[in-house]
Amino acid sequence: MVSERPLRLAITATGLDKGALDAEQFLEIDEEARVVRGKGLPSAETGLHLAIVGARGAGAVLHTHSMWSTLLSESFAANGAVPLEGFEMLKGLTGVRTHEHKEILPIFENSQDIDQLAEHVEVLLKRDPALHGFLIRRHGLYTWGRDLAEAKRHVEVLEFLLQLLGRSKSGV
Amino acid sequence: MVSERPLRLAITATGLDKGALDAEQFLEIDEEARVVRGKGLPSAETGLHLAIVGARGAGAVLHTHSMWSTLLSESFAANGAVPLEGFEMLKGLTGVRTHEHKEILPIFENSQDIDQLAEHVEVLLKRDPALHGFLIRRHGLYTWGRDLAEAKRHVEVLEFLLQLLGRSKSGV
Amino acid sequence: MVSERPLRLAITATGLDKGALDAEQFLEIDEEARVVRGKGLPSAETGLHLAIVGARGAGAVLHTHSMWSTLLSESFAANGAVPLEGFEMLKGLTGVRTHEHKEILPIFENSQDIDQLAEHVEVLLKRDPALHGFLIRRHGLYTWGRDLAEAKRHVEVLEFLLQLLGRSKSGV
Amino acid sequence: MVSERPLRLAITATGLDKGALDAEQFLEIDEEARVVRGKGLPSAETGLHLAIVGARGAGAVLHTHSMWSTLLSESFAANGAVPLEGFEMLKGLTGVRTHEHKEILPIFENSQDIDQLAEHVEVLLKRDPALHGFLIRRHGLYTWGRDLAEAKRHVEVLEFLLQLLGRSKSGV
C-alpha cells in the first residue's frame, strides 16, 4: 500500500516475467483499480488484492503459485478448507500465541471471473476475521499482513505447514 | 535461431559438460545440420531440433532431462500421453487463456535412431498445432517458443505441472 | 556459551526474523535467564537452552523447526521416541564409532509452559548421558555440542537421518 | 591420483569437516596408504580408494553419503544390487552408447573392517569390468573415473538414476 487515504496500491503490470521486474513495471492504482501512475494494465487479479485490502486494511498482499498450495487446494477441495492445527509454527501467524490453535484456509473454486471471485472473498473475510489466508483451487495461496515483512512471514509459515500436511498425507 | 532465411541454428557440440559451456562451443548449423560456423559435431539430437523448428517455426527449442519428466514419461507410457488439465499455471503456455484448458504431452518411445524419431515428431507436430511440448520415454521433455524467453517459460510451466501430477499420484 | 563461570549465554531476543539478525540482537544472559548485556527479552525457549547447558555442559545449543523433525515427531509420537540405527552417518555424532550404534531421539509433548518442559528435559538428559538430541512433538529438534561446530554437525547428521527415515516410511 | 608410477594419491585427512577443507588438509599417500606428504592420518576409508585404483586404474574416486544412495542400498539389499535400466541418462556413463543398457550397482554390507571390505570390492571389480560404481549398505555410493571430471559425471548420473528409482518406488 502506497497510501491509505486516498487508497493507493502498488501492483505489477500484467503478463510480466516476475523474475525480471524493475521499478517501472510496478503501477500505482486507486481503489477502483484505475492506474494513477505508470504504464500498462494492472495484473488480472487486481480485484482480489483490492478486496483483501478493503476487507482487512492489509498493507501488503502476497500470492503464490506453489507446489504444495496447489496440491492441497485440490486434495482438500471436497472439504472446502485446509485445517492446520497443533503445530508450533502456527505461532508465526500474527495473533496466534499457542500451538493449540486451529487455523483454517478456505478453498475457493478457481475462476477467470475475478470480480465475482473477489466478491466471494470479501464476504468471507468480513465474516471471519480470524483468517490469515485462503487458497484458490488448483491455483495457489493468498495471504497478507499489515506490512510486507508480516505478509512474507505468513507466506513462509503457511507454505511450510501446507508442505508438512502434504508430506504427512503421503505416508510419513 | 540465428536467422530464418537461410535457416541458421545455434546448437551445442556433442559430448560437452553443459555446466561448463562457453560461446565457442555453440555451433551454427543449416537446415541439413551441416556446420557452417564453429568446430565439432553438433549434438546427437540435432535432427529433433530441426524437426521442431521446421514444423513450428520455433525460434528456440529447449530439452530437459529432469526427474519428473522422466518419471511421468514412464508412468503414463501405456496411455501414450500425459494430460495436464484444470490448473491456473497452464495460462503460462502461450495462447492458453483459462485454467479450464486441457494440455496434452504426447510420449514418444526413446530411440537412438534420431532421424526416425524426428520424423514421428514432425508428423505429430504438424497434425496437432495446439501442442506446446512432448516427452520422450525415460528420457525427458522437449518444448519450444518463438524466442528463448517463451521457451524458458514453457519449460518452467511444464516442469511445474509434471511435478504436481507426480506428487499427486504418490498420495497427497 | 560466552563463559562458563560465571555462566553467560548468548541468545537471540524474542520475536525476531532469524534471517535478518545482526550482532546487537544477541543478548547475553546469566544462569537465571537475566539479561546482563543487550536490550530486549530473551527467546521464549531460553529455559530449555539453560536446562541443556546445565545438564550437559554444552557450549552450544541449536534448535530447528524443520520439515522432517516436525513430521517424525508426530508419526513416532505413540512410541515416545524416534530410533535411528545402523547407518554410517551415525558416526558423525560425537562418541559414536560404528554404524551398529542405536541412537534414540526422545519425543516430548509440546507445551507453552517452558519451565515445566525444561524440567522434564533436564531429568531425562541427566538420566541418559548417551543422548545427542531430542524432539518436541509437532515443533522441532534440539541438539547441542561442546562448541558451535560440533552442534552444527549434530544438526546435519540428525536432520539427514530423520529425512532418511521419513522417506523410507513413504515406501522407497 | 598425483602420479601412477610410483603410485601417489591425494586424500583428505580423517575427521575433517568436508565443507571447510583447504589444500593443506589433503595428504599424499603411496600404494600402502603411507603418508608421503602432509600431516595427519588419511581417511578411514583409504583402503577402499586404493582397492578401486588398483583394480581399475582410476584417476579419481568419489564417495557420497547421499539420501537416495543410502535409501536404495537398504531397499534393494535383499537383491544384492540395484539395477538401472532403460534410461537415456545411462549414456552419461563412459562406454554406454544406448539407453537399452543395463547397469548394475552391487551392494556390499557395511563394515568397520575396511581392509576386508576393500578385498571384497577388489575381487568384484576385477571380475566384472563393466561396473561403474557400487553401494555400501546404509552408507553410500562409490564411483570413479579416469579423471575428476569423469568421476563427477558418474556421481551426477548415478545419483540422478537412484533418485528416479527411489521416487518411482513410492508410487509415481
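Lettered A, B, C and D in written order, each chain numbered from 1.
Operating definition for what follows: a contact is a pair of C-beta atoms (placed from the backbone, for glycine too) under 8 Å apart; a residue touches a chain by one contact, two chains touch by 3 or more.
Keep in mind the model is a prediction, meaning the values are calculated, not measured.
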Same-site or different-site touching of subunit A by its copy subunit C, using the half cut: different
Label of the chain whose CA centroid is most distant from the centroid of subunit D: A
Centre distance in Å when subunit A and subunit D are each reduced to the mean of their C-alpha atoms: 47
Approximate Å spacing (C-alpha centroids) for the pair subunit A, subunit B: 33
Subunit C, residues touching no fewer than two other chains: 167, 170-171
Touching residues (chain side subunit B, partner subunit D) in the complex: 17, 65, 67, 70-72, 74-75, 110, 112, 136, 138-140, 166-167, 169-171
Residues of subunit B touching subunit A in the complex: 86-89, 97-99, 149, 153, 160, 163-164, 167-168, 170-172
